[in-house]
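Please read through the structure below; I'll follow up with questions.
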Amino acid sequence: MDLKSLKDLMRFVEKSQFVEFEYKDDEMHIVLKKKEAFVADSIVTQAPQPVVLEANVPQQQVKETKEEEKKEEKVEEGLVEIRSPMVATFYRAPSPTSPPYVEVGDEVKKGDVLCILEAMKIMNELEAEFPCRIEKILVENGQKVEYDQPLFLVKRLD
Amino acid sequence: MFKKILIANRGEIAVRVIRACKELGIKTVAVYSTEDRESMHVKLADEAICIGPPEAKKSYLNLFNVAQAIANSGCDAVHPGYGFLSENPNFVRICDDLGVKFIGPDAETMERLADKAKVKAILDENGIPTVPGSRGSVDDEDSLIRVAKKIGYPILLKAAWGGGGKGMRVVRSENELIDAFRAAKLEAKASFGRDDIYVEKFIEHPRHIEVQIIADEFGNVVHIGERDCTLQRRHQKLLEESPSPVLKEYTRKKLHHTAVEAAKVLGYKNAGTLEFLFDGEDFYFIEINTRIQVEHPVSEMCYGVDLIKEQIRVSAGEELSFMQSALEPQFHVIECRINAEDPERFYPSPGTVKGLYIPGGPGVRVDTAVACGSKISPYYDSMIAKLIVRGGSREEARKRMLRCLDEFVIEGVKTTVPFFKKILTTEEFINNNYDTNFIDKRFLGRG
Amino acid sequence: MFKKILIANRGEIAVRVIRACKELGIKTVAVYSTEDRESMHVKLADEAICIGPPEAKKSYLNLFNVAQAIANSGCDAVHPGYGFLSENPNFVRICDDLGVKFIGPDAETMERLADKAKVKAILDENGIPTVPGSRGSVDDEDSLIRVAKKIGYPILLKAAWGGGGKGMRVVRSENELIDAFRAAKLEAKASFGRDDIYVEKFIEHPRHIEVQIIADEFGNVVHIGERDCTLQRRHQKLLEESPSPVLKEYTRKKLHHTAVEAAKVLGYKNAGTLEFLFDGEDFYFIEINTRIQVEHPVSEMCYGVDLIKEQIRVSAGEELSFMQSALEPQFHVIECRINAEDPERFYPSPGTVKGLYIPGGPGVRVDTAVACGSKISPYYDSMIAKLIVRGGSREEARKRMLRCLDEFVIEGVKTTVPFFKKILTTEEFINNNYDTNFIDKRFLGRG
Amino acid sequence: MDLKSLKDLMRFVEKSQFVEFEYKDDEMHIVLKKKEAFVADSIVTQAPQPVVLEANVPQQQVKETKEEEKKEEKVEEGLVEIRSPMVATFYRAPSPTSPPYVEVGDEVKKGDVLCILEAMKIMNELEAEFPCRIEKILVENGQKVEYDQPLFLVKRLD
């Protein structure tokens, strides 16, 4: 079969309802499958667009996130969660009288401080690992947070 | 009494402590790694705080996160369970700093009793029989050769800060001695961070017998009988029973008395266990464990007490709720530790529990955090259930245990259930004719 | 001792008997209907014989098929459990004919004691306190009016051959009497095949307290304490406890003594239960049950005995293995009968058990034939598990029961677990301030 | 096969109700699958021909037979099992010296005696409920049988 014929065939299959097409020559072996052929095995893998659901957070967190958790989350496309890398108390500002580090709508650079995580009387500054826009702040000022808890919902800008 | 207890542990012991708290009307806080989100202890506790990723070092052993979880939870006491941070004096000090009661001995006592060689020396001075050996750890190779000769071969090299068989070597003659010493030092350093080694007379055919004690803040110390933990695989306990089937009544009483005396000499508070070797004639103190142990239900079932509740009460400053005279063994009790392991080769067998039938009926207790659908994680200890039975006699308990092992169905992971069926029907087990080497020799082909 | 026992029953009691047999080294034969092919008792027994279709009448109550199964199995004894054929003297005679030992009283005793009115009369003559009432059953309506007047209203009409609340009527005045009598007769006839009715003084606020006894062939009769079964719903027991929390020590001792005396007067052998009503001052015998009962684990846990094994031993001609003086209650024990029912309206809720977590830990016993994936059949009794706990005090047991009810997860069918949580936290239960009408009045709005 | 022919075939399949089509030449191997063929592993309900798997035995037995049991059995099409309606001992002949009531290959009429089921010392004759040919005798003479146990495999002749 020449390239033109192959392209033609590919276009043809693309427009068709078949989700699987197999063809062997000489021995003539054809397999054609519509999507219905896959029902039951694979509801999950048939999701039309693979949405990035993982949180993108500092340290080694992404790889810790488990498959099961991903399903639970309903994060819009392109948005990622920044999660707490420790058990701590969350503060939006360095002191009660200072303005918050970030507000919703702010665009931050890599390395900008997002918040303070206070643990065992140590003030830990949480920095952005990538440029992003703050879409939502998920915890209250002064709130106690656990490891892996989502703190910010952001849109990556890189 | 406490209002809220944080349990700094996971698995069946976390579930066990939560149960005791619930029955005492105390709120509970579980801590968990991301691996344990769906675990039973998280479901049963009133609150739960995620403390890190799956690796124990970054979660259950992460002092920083556990401490902050204690602070955030607003608890007024912490139960450490066994393993993890349960024998870490720094953790006890952190609890003190946070103004939260650590359920166990104080930091000073825990630290002092962690030096096994020193503890032996103190007890020796106070007339408590210990295995003949060096006074404290041996620093240089010349003294080692001298000490070993004086004790007489075979001898045992042991890590002063160790446990679980690590940093331990049997030496049968002087020409093996130096090599073994160096290897033990390396292993001790790698496992426990300190390489102090001490020497003991090696007892060829010992029974491992331990005494459970509990002490309050008012100077009351009682024992809750002994547990015979002779059945071990590579120094790991597999099966425990109480009363010990090899002790004569006179020796048993003397052992109990000795353990209580030793606890008093050491100034011990809360629940603890004194371990002894028994050579068929005499017993010798080897070490004290400053925490609740895996096999505590054996004593609970034998004596009809609740050790976890008692630990909590004693920590809250109450007097012991029972006197020594009220404690009599009512049954013969046997416990099997069911591990998720290949029963032939003892490799861990993590996976998901698909089918589950837990034995029940009269005289049976099961402590487990596993339910139908539970995931057995490769990150943590492979023990998934403790099966404990009582009987009017050892033979009734043995038959009940076999009946329960027959009933036990755990699908999806391999377990040691079939292995226990073999052990419990050996002539050696039935007739009490075995020592701590039995399993290694008989089933693993090890001398 | 027997070599092989056939268990003529299903569900948790069949599992319970199989467990006892296994521990005694006796082979077991299960019988099952086609509905029960996958049931736990079939899986646990050494052999299993299908005896008919799902309907109990055509299988578990089918004398013909059960008898032939006994013959085919080559067993040397039969345990009837409770319900089904357990109180059928003809079944006992068939076992005798087949040369197989029926584990229970002999046919003559069973038949004699089934006439409740007559039993009452005999005990009355022997100085055992019974509820004032007619001497035997009342045949004609004229005598009924006379007897009722003499006893004084309110009175209770009861089926002489009945049980479980069927054929029973409370009559508060003479003008209700004849209608109630005819209705009770009809109901008794329909339920038990015989319509004999007797009359008793109706006690308005009774506690239902029963005494477990066991007797061997050598004339030894011992009691294993009392069970308080006051908590009932429409005459069906829901929760049992021991010791009874309302008896003073003197009354308790007298009650035990009376029960043993009554058993001797009646010439009873094997395990049996004597039921009494207690009006706050005195107790009155009402009936004897000639079989093991659902709630027998309460006594087992309280006294540390194994009633099923003891039944088997006694039937095999052995002497009782314990003396009265050795039996002392060691704990307070509470049992909840967990039914597969809608907890609001008490309709049966058959289905498949999808998720299951059975509570465990110290002082907990669960008797069940249900595992993950088990089918709860609409054909049989809706009781799916018995949850039994012990405590050092009633309050500890109550809190432990609540802890266990909180832990208990049964998905796929509705159960009475939530209902028990409500009951156990009522002021009336906590303070023992209730009678047999409590549930009906408080939760069902019935007078 | 040329491209035109192949497209033609594909159009044909696309419009069809088949969700899977397989074709091999020379050896002539065709597989056609509709979507129903893939629904949730329901092998039982999708069996092309509803084979009568139930035993056809005296009394009310057929309706008692449960779904789960059907799956376990592998009875050829057209063959039915005759099962025991009671717990009993199975005898092929009325006495040790008599010839058996039936042998494999025999054709029997409705009402013909197939065997004796002895229970509680009563000899029960089991009669055929329909005309059939004995294909297999599933239990030994003198064997103890339980309720619902298959005794004969027969081919219905009505």
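In order of appearance the chains are A, B, C and D, and numbering begins at 1 in each one.
As a convention for this text, contacts are C-beta pairs under 8 Å (C-beta built on N, C-alpha and C of every residue); 3 or more make two chains touch, one makes a residue touch a chain.
All figures in this text were calculated on a predicted structure; none of them were measured in a lab.
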item	value
Centroid comparison with chain A (C-alpha atoms), farthest chain	C
Whole-Å gap separating chain C and chain D, where each centre is the average of the chain's CA atoms	45
Cα-centroid distance, chain A relative to chain C, in whole angstrom	60
Averaged-CA centre spacing for the pair chain D and chain A, given as whole angstrom	54
Multi-partner residues of chain C (at least 2 other chains)	none
Multi-chain contact residues (two or more partners), chain D	none
Topology of the chain contact graph, where touching chains are joined (line, ring, star, complete, other)	ring
Pairwise chain contacts under the document criterion	A-B, A-D, B-C, C-D
List of chain D residues in touch with chain A within their complex	1, 3, 6-7, 9-10, 13-14, 19-26, 33, 35, 38-41
Residue ranges of chain A in contact with chain B within the complex	60-61, 64-66, 68-69, 86-89, 119-120, 144, 146-149
Residues on chain B engaged by chain C in the complex (per definition of touch)	15-16, 19, 22-25, 40, 44, 297, 300-301, 304, 306, 308, 330-331, 355-358, 360-368, 371-373, 392, 396, 399-400, 402-403, 406-407, 409
Residues of chain B that touch chain A when the two form their complex	34-35, 37-38, 49-54, 59, 64-69, 71-72
Contact footprint of chain D on chain A as seen in their complex	1, 5, 8-9, 12-13, 16-18, 23, 27-41
